[in-house]
Amino acid sequence: MLIFSVFKTLTDQQVTVELKNDLSITGTLKSVDQFLNIRLDSIKVLDEARHPHMMAVKNCFIRGSVVRYVQLPAEHVDTQLLEDATRREAAAQQKR
Amino acid sequence: MDSVASGIQEPFDLIRLSLSERVFVKLRGDRELTGVLHAYDGHMNLILSDVEETIMIVDQPEGAVNGPSTVNIAKRKMDMLFVRGDGVILVSRKYIKWGAALSMSY
Amino acid sequence: MASLQGYVDHRVLLILQDGRAIVGVMAGYDQKSNVVLSDSKERVYSMEEGVEEIPLGLYLVKGDQIVLIGELDEALDKAVDLSTVRAEPLPPIRY
């Protein structure tokens, strides 16, 4: 839930999604759901010469389960807020 | 028991006490990260900053299963990174050298 | 929600877990992101020859096999002469 919220605060920001098939896709984060499926707009594939498969694709839906990393814009991430929220969530988990 | 160890009742406590600290993360696919931990959840999804990734690429000559293999190491840096939990093998406070981490997982 | 709503009746490219690339018109989908494509074709990439298109017709793809669904810019896609495109097939997903 915490990570889902983080991604929601980053909508309309530029991110780079690296998949488990080594494809890296940069684009504008348009939406995310609870499975961390991601929709990107205005996408660009890294090393397009080697990966022309998505030449004519402008926006895409990425299944959360195939994501390895997402590179986030550091200037839009409040790390103190993240740590506090993580501690709160960890405490709530332990009470159960 | 020292002061850090006494606060640890379950595995995730170890990760909680590493928030805002530099951690070492071993991942599937012969990858390792170091970075400052800012967030995690029960799936071990992580958010790290100031990340250095190390990828070990093993080149084994075709057909030679037990033959000589060369190991190449690639490194790259990233400012702020979300890591999906399903790839995480271990998270530790201290930096573990290549050989040590490998012998722990295989 | 990262939904597939906007893709219905649009030409899309599906990348699958095994590395296959399939294009077609999205006829429908469900909660588990199972997808039905109409007039679909597999695009087979290789370094030896241009892209080969294999007609698959009406095709159902299970959601858990899908890596990515991309909306195709039809004008841009038609402008590409696939017989001149040479590329390695996409690698399969490795967990």
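Order of writing sets the labels: A, B and C. Residues in every chain begin at 1.
Convention: contacts are C-beta pairs under 8 Å (C-beta built on N, C-alpha and C of every residue); 3 or more make two chains touch, one makes a residue touch a chain.
Protein names from UniProt, one per chain: A = LSM complex subunit LSm2; B = LSM complex subunit LSM3; C = LSM2-LSM8 complex subunit LSM8.
No experiment lies behind these values; they were computed from the predicted model shown.
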More contacts between chains, B-C or A-C: A-C
Closest chain to global C-alpha mean, per-chain Cα centroids: A
Geometric centre distance via CA averages, chain C-chain A, whole Å: 22
Separation of mean Cα positions, chain C and chain B [Å, integer]: 34
Residues of chain A whose C-beta touches two or more other chains: 20, 65
Junction residues of chain C, two or more chains touched: 94-95
Shared interface positions of chain B, touching two or more other chains: 29, 86-87
Chain B contact footprint on chain C (complex, rising order): 94-95
For the chain A and chain B complex, residues of the former touching the latter: 1-3, 6-7, 20, 36, 64-65, 67-74, 77, 79, 82-83, 85-87, 89-90, 93
Contact footprint of chain A on chain B as seen in their complex: 12, 16, 19-20, 29, 36, 38-42, 45, 47, 49, 78-84, 86-87
Chain B - residues contacting chain C, complex: 28-29, 86-87
Contact footprint of chain A on chain C as seen in their complex: 1-4, 7, 13, 15, 17, 19, 21, 33, 43, 45, 63-64, 66-74, 76-77, 80, 85, 87-88, 90-95
